[in-house]
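Here come two complexes built around subunit A, the first alongside subunit B, the second alongside subunit C.
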Partner chain A sequence: MSHISSKGLYYTIFGTLIAMTVVTVAIARIDLGALNTPVALAIAAFKATLVILFFMGVKYNTPLTKVVAASGFLWLIILFGITMGDYLTRAWIGFPGR
Partner chain B sequence: MTHAGNNSGSYLDAPHGIASWLLTKDHKRIAILYLISITVFFMIGGLFAAGIRAELLTPAGDLFTADLYNKVFTLHGVVMIFFFLIPSIPATLGNFLVPIMCGAKDLAFPRINLLSWYLYLIGAMLTLGAVFMGGVDTGWTFYTPYSSMASNTNVTLAALGVFIAGFSSILTGFNFIVTVHRMRAPGLTWFRMPLFLWAMYATSLVMILGTPVVAITILLVGAERALGFAIFDPRVGGDPVLFQHLFWFYSHPAVYIMILPGMGVISELVAAVSRKQIFGYSVVAYSSLAIAIIGFLVWGHHMFVSSQSIYAGLVFSIITMIVAVPSAVKTFNWAATMYKGSITWESPTYWVIGFIGLFLVGGLTGLFLGAMGLDVHLHDTYFVVAHFHYIMVGGGVMGFLGGIHFWWPKMTGRTYPETAGKIAAILVFVGFNLTFFPQFVVGYLGMPRRYHAYPEEFQILNVMSTGGATVLGIGYLLIVTYLVASLFKPRNASANPWGATGLEWDIPSPPITLNFETEPIVTEDAYNYIGRAQKAREN
Partner chain C sequence: MLQHHFFNMGQQLEASVLGMWVFLVTEVMFFGGLFMAYILYRSMYPDAWLAGSHELNEMLGGINTVVLIFSSLTMALAVRAAQVGSWMGQVVNLILTIIFGTIFLVVKYFEYAAKFEHHLVPGPYFDPARDPAQQLYFSLYFMMTGIHALHMVVGIVLMLIILRMAWKGRFSAEYYGPVEVSGLYWHFVDIVWIFLFPLLYLIGKHH
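Up next, the complex of A and B:
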């Protein structure tokens, strides 16, 4: 990889990650009802994206590297998506008497 | 098989001594280290299999107690799957051949390659430790809630062994992918690559994308046992069926880790013994990728009776039918390759035909089990046991042994007695069918798997099975005997004993440490047997 990021960028990303951790803890103290988990997951996903793009250098890498990184997430979506498909449709067929 | 003189200066003649082997970075030596290791584990797994078949010779549970029987079949499965089948072809033939077929001096990361062998050994030793400390009785699938809440055997230690061995698999896959992308010789375009390379590439994708999931899943079981995590405990909102989703997300594709390399081997062998270009080369290449990708979408067919949603089951059932298509494509194309080929009746030919026959039965019976309604009847019976042995042994092990017989002269510089090779192939084929075909029948009649006793009316079929396993065992022992015996004879294999095409056959047997004196340049398609024959006639 030929690209070298500036120290300032690394410090900015590091600061953002720390700030997001603080936000995660702070939000956990507020009851958002059904949004509790989605909000926590959204913040985690944002932090993971920053790490992958900047600390792992994917943003500045070849298209092949980007495809490799993206395929990991595609497979995660397959795992979570189809598994959730099972949970969401289990109750669609009732049982006799129910 | 043609014979020739010595080849000094080979990788086998490079510095001797145990340290030179244990610290080697040569992919060929690492392949040999793996070959020795997996052979030992194949024998250990085989001993457990012999115990199972001896117990099932009679209807009464008279050899093992029920608890001990549980441990024996668990360890048979764990050892055979994680420490033999998964590393079998990739770590031995793959390690040996991927760089050579690419025209490279070694894999992309030789030290990581050695690390993978050590991780494999550490994992294997931990699992063996679990055996000596009293065994483990969960079945190779480690299903919750039994594994996480009830079993008081050495689940954590065995699971830790499997967890560590998983990293060995990931490192091997990673190495192959980078090597295939970055280290192919000039002229070796993607569609000039041997189909074995395509198969190893597709297998590596599965290893990298699937193995981390089973590693995390096993870690969760360990955390649940040790720390009281409640991921799979329904009393506090967990779900045991979630374990099955996570486990089979890896373990179904793991079937393709076991069978895709075998398919790659057979593609090489079919072309070589038929003296023909593979029929529909690009379709066979793409079918490897299709199997690797679609294979990730069918895991729920292991869970039709697990309380999984019937709608999810429908989708999994349909995709299961679809994944059979690329496998069928390969089988038809191998048959079409042999059609009107100049077939030579040498020992690899016997393994090819055996593989195609057994894999065909295994694949077709997989469709029975993929049909939701029929699976309710067949689930957890010996029909399932027979089906997956036809795939994993009939396909995976036959492919492995076919490959070993084909490339043994290249790996060791020595030939083996051809007649013994043919007799062994026939013994294994006959013994295998006699072992497992009766299990289709006894399973359809309702005999459940994983019990040490059974009703008397099933005995005759079980006696056939045990008799077949004996023949099968004799076949395997015969192979080990003549291959090991060949090592004590002078090197006599020529560079190309089968008259095959491919970069590995253009270099001496055994190869030199860096494989090639000068970087090879590839100027023709793979399997150009007809073109070479025409050129030979013109000359």
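Up next, the complex of A and C:
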């Protein structure tokens, strides 16, 4: 619990976050077809993971805290998955008034 | 500093951090509902999303992204300063965090003002030449960034309280829970922006 990270680690994470911000702005200018948003989200997820693991120190927390932290994102995936699974498949059965 | 219902300082800190994470999970779900609305309506009106995104100022959004990353660095350094018992480190880094947070809100103010000027605020004054579906995009833009900005205001107030406690020398290597837990909140708000920036500002750039 009382893990103290070095300042160097924080500066490294900071530098990576800034670099990834530049990368995401640059890649947004390239037409990747349907892949633009997934790539942007992958970069954002990578940045968020760095913040969670190192700035928030979850890497050094107890297993219980890690599970609780992960649970929020698990439920988010369930929310997105089931809702879009419903909306995107409504037209398949030709049900009027979707 | 040790409350009577804990065995030791380590357990007390662990409980605080766990409790904060439970709260942050509710925050993830809270913002998650808005992201859900974003995904659903974007899948229904993709063109309105691209056209709406073109109206946002990518430069200001990018500057704010960098400002928040700076604030997360100073926040992490403030927690570290408390851990190693540096009074100066805590005070300087907390003040810097508050300054970066304030810069973010000032930039946001200018962005919002421009949206009002350009008739991009949903409602009776929305530009009639535009596809009405774009009002959905701007409704979500204002709701998502507005609630995020509200979290920033709460975060700044929180940091002022923590700064006052740090100034009085309340924190040490043994007791720094409040700095740590407030820091978790601050980083969470930064994470929300990490997703908002590409999803709102950058989606139409390749057209």
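Simple rule for what comes next: the second predicted complex is superposed on the first by the 94 of 98 C-alpha atoms of A that agree within 3 Å, B and C clash if a C-alpha of one lies under 4 Å from a C-alpha of the other, contacts with A are read in each partner's own complex, and residues count from 1 in each chain.
Everything that follows uses one rule, which is that a residue touches a chain if its C-beta (ideal position, glycine included) is under 8 Å from a C-beta of that chain, and two chains touch if they have at least 3 such contacts.
Note that the structure is predicted; figures quoted are calculated from it, not measured.
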So, after the overlay on subunit A, do subunit B and subunit C clash or fit? They clash
Which of subunit B and subunit C A:P38 touches, first, second, both or neither = neither
| request: Could you look at A:W92 and tell me whether it touches subunit B, subunit C, both or neither (first, second, both, neither)? | output: first
Regarding the shared-chain residue A:W75, is it in contact with subunit B (first), subunit C (second), both, or neither? both
Requested in this report: Report for A:L64: first if it touches subunit B alone, second if subunit C alone, otherwise both or neither.
Outcome: both
Comparing subunit B and subunit C in the superposed model, the one touching more of subunit A is C
- Between subunit B (first) and subunit C (second), which, if any, makes contact with A:T83: first, second, both or neither? both
Going through subunit A, the residues touched by subunit B and also by subunit C turn out to be 64, 71-72, 75, 79, 83, 87-88
Listed in rising order, subunit C residues that touch subunit A in their complex are 10, 13-14, 17-18, 21-22, 24-25, 27-29, 32-33, 35-36, 39-40, 43, 58, 62, 65-66, 69-70, 72-73, 75-77, 80, 83-84, 173, 180, 183-184, 187-188, 190-191, 194-195, 197-199, 202-203, 205-207
So, in the complex, the side of subunit B touching subunit A is made of residues 181, 209, 213, 241-242, 245-246, 249, 296-297, 300, 307-312, 315
Seen from subunit A, its contact residues with subunit B in the complex are 64, 71-72, 75, 78-79, 82-83, 85-90, 92-93
As the complex stands, subunit A meets subunit C at residues 1-2, 4-5, 7, 10-11, 13-14, 17-18, 21, 24-25, 28-32, 36-37, 40-41, 43-44, 47-48, 51-52, 54-57, 61-62, 64-65, 68-69, 71-73, 75-76, 79-80, 83-84, 87-88
